[in-house]
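What follows is chain A paired twice: with chain B in the first complex and chain C in the second.
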Partner chain A sequence: MKRYILHRLALAVPTLVLVSVIVFSIMRLMPGDVVIRMVEGHAYAPTVAALRAELGLDRPAYVQYFEWVGGILLRGDFGSSYWTRQPIWDEFISRFPVTLGLAALTILSSVVIGVVVGIVSASRQDSAADYIGRIVAILALSIPYFGLAVLVVVLPSIYFKWTPVYTYVPFSTDPLQNLKILIVPALVFGVTRAGPIMRIMRSALLDILRQDYIRTAWSKGLPERAIVLRHALKNAMIPVVSLIGLQMPLYIGGSVIIEAIFRLPGVGLFFFDALMRMDYPVVQSVNLIVATMVVGLNLAIDLSYAFLDPRIRYR
Partner chain B sequence: MGPRPLPAVYALILLVAVVLILPPGDAAAQTPKRGGVLRIADREAPNLDPHLAVSFLTHSWSSMVYSQLVRFAYGPEQKHSADFTIVPDLAEKWKYESPTTVVFTLRKGVKFHNKPPVNGREVTADDVKYSVERFMAKSGFRSRLEPVQAIDVVDRHTVRMTLKEPYAPLLNHLANAAYVVILPREVEDKLKDFNRPEAMIGSGPFMVKSYQKGVQIAFERNPDYFVKGLPYLDGVVIEITPDSTARLALLRSGKVDLGHMWGYLVPEEAKSLKQTNPEMVMAPTLTIGQGMIYMRTDQPPFNDIRVRRAIALSIDRKAWNESLFYGEGCTDAGPVPCALKEWKLDASQIDAAKAKYLVGYDPAEAKRLLAEAGHRNGLTVPMFHWPGYAPPWRTFYDLAGDNLGKIGVNVEFKPEEYGKYISTTYLGKYEKMAMGPITPFTEVDDWLFGAFYPEQPNNRSHVADAELGKMLLAQRREMDPKKRLALVHDIQRYLADKAYYVYMPHSPQYITHAPRVKGMKFHDGFGLGPRLMFTWLDQ
Partner chain C sequence: MATIAPSPPATIDLDVRRLPRTLPWYIEVWGQMLRRKPLGTLGALIVMGMLFLAIFAHALTPYGFAETNLRERFISGSATHWLGTDQIGRDVATRILYGARISLYVGFGAIAIASVIATLLGIFCAYWGGRVDMLLQRAVDAWMAFPGLLILMSIMSLLGPSVLNITLVLGIAAGIRESRIIRGVALSIRENTYIESARAMGSGHVRVTLVHILPNVVPTIIVVATTGLSTVILTEASLSFLGLGVPPPHPTWGGMLSLGGLDHMYRAPWLAIWPATALSLAVFGFNMLGDALRDLLDPRLKGG
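== the complex of A and B ==
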């Protein structure tokens, strides 16, 4: 087990090195020039040269790369934003709880909606409830979440002079207010993500409900609730759980637009702003931090198999 | 018939009637009231150091906190929204000792905000020297003060600025809130830099109360502000809202008083808001700005004046103004923008034969000119642009393409990603033709010298005209305002038929706010603080 962990950790190193090289190169391959972007129409030659030197962009790219990576490895310094001149790590840490809270609530709402509608739809196949459930799922799949978000923000402001856009309050300050602020964006995002969950849940459950052991349960005279919830659901959940896992990056990626529309000061917005402003160090470092988290999470999931299924052994 | 009433009796009856008809308390309602917090939804400033950023967001925030040597006339002082009359700020007076030496006398007893490490000490000449030198060393706008050779402290309340040559735009640049604001030196020494909320210590009308990154910044009234009785507001809160749809929703739902720091709404947004919120106060205003087609006048085919003139005559500005701006725009938009009234020479004051290349529409003549220039069968040109500008810019590109198509100029649209556009096309690095807006400047020199003098980053049409060059230099060196105005008018006359740029009609902005906001006059300078120090809430 210990050897396995060390082996996996060793494998993570080249992955992260590759990520760092790719994000560093991609930013510099992007068309445009961050220095001119910063001074816009005031790009007089001396101004541009001075700013380029100040940001260290006048040195060869490989020097800039090693300085960035060296800062992280030797001093734990992820660098500072070109625009805000603030340390990236501090900014990331202060914003991460917002995105985490939004992602957790989104996952929760999409799973609850998707699984419940999926169960009803499968256990009442070809009934009115099933058709409604399927129509809702197709609708949820078809509506882009950012479109739905705009409607949810705009329509109540027009008809009721109300809008679900609030001033963000951290969970630690006021948990209830925090929930009130996050619930609408999480539901908007969650509903659109619930579509695929509902579709997979329904088809998996239909498949399981036709299996021999379920027929046996029926013949034993077990009530429907026990058969569906206790015997069928657990097995039908396996592909659903895999799907939720696959959707994880979408929860982070989608938070960019949701955070902008609902004015939530999260990592998504931080990253998006940086990308728009060609803020190289921010884009590089946030990418690297998230990539490290994904690698770490994957490792944790792999290790957790041993506890979930004792038949799995590590070599 | 009885005796006729005397005229005095008529007058008395009329007076009583007028008094009865007038709404009660109208005069009282216009008397500014103290108190209340104004709420604004807008984007976040990328940086808090006023000398390090070129963003209007940063400068709007910093103008709340910092004072300047001189400033523009705002609020009740201003004659119109682009009134760039220079009025005292920290400097109570200034005097040109010679065309290249100006001496500023500071007000005595003006204090910085009472916050550590400055602790309410007096603003002195050393602070002015430090700030001007810091601006000239660090700012992206530093070229504005390039002609300044030295700034010397004469005594505690007097500074002398020495210039390399006479430079007429100096005071306008000093009054622009985006440029030299006065900072206390010890903040940089003790707090490391100005890019942090606790370092925003100035002598302006408001002080930073709190700043939650990505959420909101709150300002409170400076109780020791040197203009007694101002500001009227107890505070201003800017709710950081990156998305324009959300900003409008916040305005509609009454959560904010302004949906933009300057109150901007484009006509489409304003008309829709007026339907749902008829109580909103709206004023269509021609702001300083310009949209234009620019061309590589140093290369074929646009080095041929006939081709440029054909382009100029192809734009149906009247129809454009009617269809897109409800007839409220300005069709005579360049080279000096419509709003810059003091400097603008209207096309109607220019020889009609020349002025037609600024405002005229004559597709038949345009086709004739193209044929004369050897393009009888028309020509195909690219149009580089950034499609992301706020609506209705996307329609502008289409309309221009359509107008040009009618004279046989086939436009190939070349949309660019912003990063590329701003570092290339925007600065004149493109092939043949491009289209887009330009930064709104407060000084006429930027619209003329900046746009037409060789090697200037905003000379997007690559104009290199020796005769014009002499005129451009002369106007910026002329210290007599009347003579300078005459030179600026001469330049506009000279430029009228050159068609170096082809100007599009300019859209009005609807300056919009909640009805409780009073005394907020729109101004085209970058100072949000001086604008809001005259603003009050009727509540």
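== the complex of A and C ==
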């Protein structure tokens, strides 16, 4: 187990190096010079050349790359925003709880909906409930979350005089209010992501319910509830968990849009604002941090298989 | 000494002309779709309907997609404007039709690019193997570690929104991702004995790849492309929604829904409802068609 973790960590290193090279090159190779805009539109410095020198953009690209990566590795310094000169890491950390709360609630709601409907669908195969569940799953799969979010913002305010809460309250100040703010965006996002979970839960559980040990459990006279929930469910969760892992980038990418619609001051909004102002260091570092998190999460998910199915051993 | 008379060579009475005729697989699959996959058939009908509307958009509506009429703003639906008009009097139905054209244009364009990249890269990696494959696969790993939307947003904001840019970017991104699947399939095909015998008979690498591997990868390419279409259309809509995809005045479903028009939607909810419906219907159609094609052509890919 320990060796497996070390092996996976060693494999992650070249991946992350490549990630940093890719994101750095993209930022440098593309046209569109933010410095000109900063000088001409906002008078950040007397001349373009002066500002380029101040930001260190007049040096060769490889020097800039090693300075960026070196700062991260040696000092934990992800650089500063061009516009505000604030350290990126501080801003990221202060906004991270919002995004984390949103992501946790989204995943929770999509898993709860997906797993419950999946269980009903599989244990009552070909019943009316099964068909309804499957149709709902297909619909959920097809409705784009930002479309649903716009409808949830617009329609109830017209017909029921209800609007989502827009002033954000941190969890530490008022947990209940925080939950009230996050639950609507999380549900909107979670419902659309529940579709694939529902479908994979159903097919995995159907597969498990036909196995010998389940027949043994039936013949022992166990009630259906115990068979499905205690014997079958845990084994059927493996594909569900790996699906959530595969979809992690979708949850993170989608949070940019959800945060923009519901005006949540999270990492997604930070990233989007930076993008609009061509604040390269922010865009570059946030991309790298998030990619690192995705790599780490995938490792964690691979390790969770051993918990779900003790037959799985790591070598 | 008794000799054993050599037995006459066994003959099989086989006349190819008398065998029941079978249709080629790419025709046969549609018959099976009709018989066994009602949802897939529905998906195919939706996709064909969308193609029809997109191709004949200019003939189906008397309005131009950017034609404004300030005297007819915020009409909620009438005999002349079926789906209503927006804040500057543009016909919503017209914009939905032309939006289908843009969606399909970007979708098919990006998927064509993606399929070429995925096929070349996937087959090359699988066939060549060794260190080159190892290095290229680590690069693909790195690419897949990025949360798709974040890196696509970054690239699009740097390149600037345009139809050509978004088609290229989505095509290349999807191509790299899909090369993984093509590589997997090509790897298993490479292990077949007929590849070995083709090599033994003196076929060169190019001939083996083009004549023996490529035709067997085609069904997988079709499946991956069809399921990829809904993802590409959805991603284009997300990027246009954020103002990073197709720029105005081109009407796109994502752009029609975007936050810039939110204030008008409170007054005219149909401005949000119709583009969202059109987008959902298109994604539904491509998803169902892709699922059914996958079940019929390449069941190995199921559960991905």
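Annotations for the structure displayed:
Note that the second predicted complex is superposed on the first by the 255 of 315 C-alpha atoms of A that agree within 3 Å, B and C clash if a C-alpha of one lies under 4 Å from a C-alpha of the other, contacts with A are read in each partner's own complex, and residues count from 1 in each chain.
By our rule, contacts are C-beta pairs under 8 Å (C-beta built on N, C-alpha and C of every residue); 3 or more make two chains touch, one makes a residue touch a chain.
Computed from a predicted model, the values in this text were never measured in an experiment.
When the shared chain is aligned, chain B comes close enough to touch A:262, but chain C does not. In the superposition on chain A, contact is made by A:153 with both chain B and chain C. Once the two complexes are laid over each other on the shared chain, residue contacts for A:83 go to chain B alone; chain C is not touched. In the superposition on chain A, contact of A:42 is made with chain B only, not with chain C. With both structures placed on the common chain, the touch criterion links A:205 to neither chain B nor chain C. In the superposition on chain A, no contact is made by A:187 with either chain B or chain C.
In the superposed model, A:290 lies in contact with chain C only, and not with chain B.
Of the two partner chains placed by the overlay, only chain B lies in contact with A:91; chain C stays clear of it.
In the superposed model, A:22 makes contact with chain C only, not with chain B.
Shared interface residues of chain A (contacting chain B in one complex, chain C in the other): 30-32, 150, 153-154, 157-158, 260-261, 276, 278. On chain C, the positions that touch chain A within their shared complex are 39, 138-139, 141-143, 145-151, 153-155, 157-160, 234, 237-238, 241-242, 244, 254, 257, 259, 262, 265-266, 269, 272-273, 275-276, 279-281, 283-284, 287-288, 303. Residue ranges on chain A touching chain B, taken from their complex, read 30-34, 36-44, 46-47, 51, 83-86, 91, 94-95, 150, 153-154, 156-158, 161-163, 165, 167-168, 260-266, 269-270, 273, 276-278.
Across the complex, chain B meets chain A through its residues 46-47, 49, 52-54, 140-143, 193, 195, 212-216, 239-243, 245-246, 248-250, 252-255, 276-277, 416-424, 426-427, 438-439, 456-458. Residues 14-16, 18-19, 22-23, 26-27, 30-32, 138-139, 141-144, 146-148, 150-151, 153-155, 157-158, 200, 203, 239, 248-250, 252-254, 256-257, 260-261, 271-272, 275-276, 278, 283, 286-287, 290-291, 294-295 of chain A touch chain C in their complex.
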